[in-house]
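Same chain, two partners: chain A is paired with chain B first, then with chain C.
Let's turn to the complex of A and B:
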């Protein structure tokens, strides 16, 4: 009589099965987190589209309420921070500690500048009476840009931690997982802003 | 400094210039006296182009394994389904 397989043998992978995903755990974890973030922002954008189409009169023409020149500069600033981030990654991959630190510090500063300009924009809009409770336009605007701003703020905080670790020499050409993982998050936040800038400000 | 053989990196500055130029094009297109539908289509096309540049070069998806690329695009069909489902609320 054949014996039933034990629990342990059932769970054990067959010898020819591939072990792991070929990606280190932190990076895989960040990608899975980013996939959930795609669905999060899709829900916001989807809701925005239906509200915009169903209540076209609630929105003003592009540039009438929102300050497009200031936001365009802010968009360019965020794009610049993506470049400094990826240059930090390239520097550490090449083993250049000095440039790694320089690019990371620049990324933190530029990211904080983006948040500062957004706060300046909010202040002026609120002074003009464009508050979150000012109808559908105000509600959707502050929800979408606010959540994005929150993501940027969290990114700046995490990036500051990574920068602190970089100054302590924790990243090397052989092991710079922290830099790559925070970079993925940062670029994703930039990517989301590219979409939001078009949908919220230009259309 | 560590002695490491320098890897070949993508032309990040070139991508940055491309993104800046596309942003300038977006700002121009947004205020052209063209039909609203044409402007929306163009702006969405430009935004997707810029987003792809960030994903492919800055997030290095272009240089990742197929497995990672599949993982990265996995939620996109779900995102389309979600948006379509929400739009039906408006249509009906």
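Let's turn to the complex of A and C:
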């Protein structure tokens, strides 16, 4: 953009403005966007709660239809990707380019693995006849996990872009806004999964 | 702060605009161009929505008679120039959809949010200019998808703009499948566009205010747009979620809203109105904010009770979240819950009344100049009082039982959305037109347009209260088929003729808008003698707005100030002598 920041650190709020949030624009923008994501998942989860309370018999006992062990492993995998994300952020904050790239590549791979296992899970469930039109159980299961999977997929795509930029040396200890901002999104999507895993699979 | 050099160099460079045409006017990242793009887009949709209303009014005023120009419609819409009932329900649906989502909402939020926020808070541009561009270029395909619905097999969505399930969820009920799906997809895309816009507005207001532009020095238009952006941010995703579930019910065979397999039709109503009621305030708060700016300017007085205005905006924004049930009194709601929603709804009349009294207090004793924006702003206040008062009636469940789904509701919502929002929009367009295009709109034409619109608008919508109290249902195709509505045929015809005249009067606005663009009187920097920061730049402002962002020293509405030779004190003017202490600091 034409209005390049002129002050020392781009990861601080601009001194050229009235006291604002105390964080730089991109980080503030991501937090605000995540608020709207919370409302989106609230709509889905809230509908699930209402439907399940009104027709509890439409659900089978936990573990009967869904494969909990496979998804538990998948949950663990996704949590691991949050760890690698944190490591990537810590590396770039230290100015360690090599480790930044390594951790970012790992995050992308683990995120893609999660989506892959979810696709495998869907395939098996559909073969068993558990499809989106199979009663309220299928209806809510595919919508909620599907939209979470969509968010992870978007995250993997954006993370790949960040990784590509990292390989071109675009992130430094002084300016690694992209890594921090995608990290916020990544942790949010992780957190949503922990809630979904609990209420969709375990309860 | 003292250690940092003032950013004269790079910012001054920014004012040199060497972008090619396509980056300057089509895929522009400049908030002003995007605002004007939104303006042109939403005025076109306003015209489309109005045309649909004219067809409805023909059918209601002259049921079963061949419509002039009806031969242009295909056989699926009109047979022998008579509008078909199926097409009529599509008209009702799409008039509401276009007006709410593609006309009023982008006119208020898309146009003035984009145009005014950076200029009024003293920023070079939005926090995320490219995201801003993406927001506009998502709204355009959403509009195309919505228009495309008219041309698919089965016609356009016909379940009302509220798309109540299961009517909307099962194609067998309306005979519309593709149209309803396109309706959902279009609104999901538009929702994403609105959310991106809201992220941008909120970040910009929080982080990019010019030095000295403290929260309580922000003009009320910016306060209103800021709170509106928060409502958009939190309400639109609820609608997106609800629409996605509706779309899945139509396409994937899920059962969210279909009761046969345990789905809940009421779930749709709750989700829709949980979004829908904040949406109502999205459609009125920016209008209130801009009206405050215009009234203070036109009365040449500081706005009365600035802080209470801000608090009223915030409390309306908050209360808007806990009143959605008043749209659903007839859905079999527990009466205790209904009473709760009644009380919370009536509470909103408190901040609304504070605002109305503050506008009156501003006008009181002012040197009022009835410019065209001021005429529109004053009629906003008057019409909003009528629409607001009928809203208080409806909040009471026993009364609502009688007037629910009648023309009384139609009258109420048009008093707020047309009498309120649209008058404010006409006023705001006239007020900021010189800044947008560098030319003044023709005042004489503007006055004639205002008076004709005001008269015919009231002739259309005031009698609708009466229709409603006689039990005239909304969305019915042919009122003469009901014996008890037969005596109302004359009134319906009067409304229809007034509506055609109202529509025709808008031609004056179109002529004025397009004509002034090319032939209007050149506007100086500050044609309205206003105090806002946007008037300190040339008209139209260059790319980047200012070489150096202004510094703000004063509250937003210092009209009639004794500290200057003019009767207003611009927000960025530093006075050599400070008002209160006699000893002025040296070198000031």
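The rule is simple: the second predicted complex is superposed on the first by the 185 of 203 C-alpha atoms of A that agree within 3 Å, B and C clash if a C-alpha of one lies under 4 Å from a C-alpha of the other, contacts with A are read in each partner's own complex, and residues count from 1 in each chain.
Just so we're on the same page, contacts are C-beta pairs under 8 Å (C-beta built on N, C-alpha and C of every residue); 3 or more make two chains touch, one makes a residue touch a chain.
Note that the coordinates shown come from a computational prediction; the quantities given were computed from them, not determined experimentally.
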Contacts of A:136 with chain B and chain C, given as first, second, both or neither: second
Partner chain in contact with A:188 - chain B first, chain C second, else both or neither: first
Partner chain in contact with A:35 - chain B first, chain C second, else both or neither: both
Contacts of A:68 with chain B and chain C, given as first, second, both or neither: first
Partner chain(s) touched by A:43 [first = chain B, second = chain C, both, neither]: both
First (chain B), second (chain C), both or neither touched by A:147: second
First, second, both or neither for A:157, with chain B first and chain C second: neither
Contacts of A:25 with chain B and chain C, given as first, second, both or neither: second
Which of chain B and chain C A:54 touches, first, second, both or neither: both
Common interface positions of chain A, toward chain B and toward chain C: 21, 32, 35, 39, 42-43, 47, 50, 54
Contact set on chain A toward chain C in their complex: 1-4, 6-8, 13-18, 20-21, 24-26, 28-29, 32-33, 35-37, 39-44, 47, 50-51, 54-55, 58, 131-133, 135-136, 138-140, 142-143, 147
Contact footprint of chain A on chain C as seen in their complex: 1, 4-5, 7, 9-11, 13-14, 29, 123-125, 127-129, 131, 195, 198-200, 202-203, 206-214, 233-238, 240-242, 244-245, 248, 252-256, 261-264, 267, 270-271, 543-544, 549, 552
Chain B-touching residues of chain A, taken from the complex the two chains share: 21-23, 31-32, 34-35, 38-39, 42-43, 45-47, 49-50, 53-54, 62-63, 68, 72, 75-76, 79-80, 82-83, 85-87, 90, 93-98, 172-173, 183-184, 187-188, 190-191, 194-195, 197-199, 202-203
Interfacial residue positions of chain B with respect to chain A in the complex: 1-4, 6-7, 9, 12-13, 15-16, 19-20, 23, 26-27, 30-31, 39-40, 43-44, 46-47, 50-51, 54-55, 57-59, 65, 67-68, 71-72, 74-76, 78-79, 82-83, 85-87, 89-90
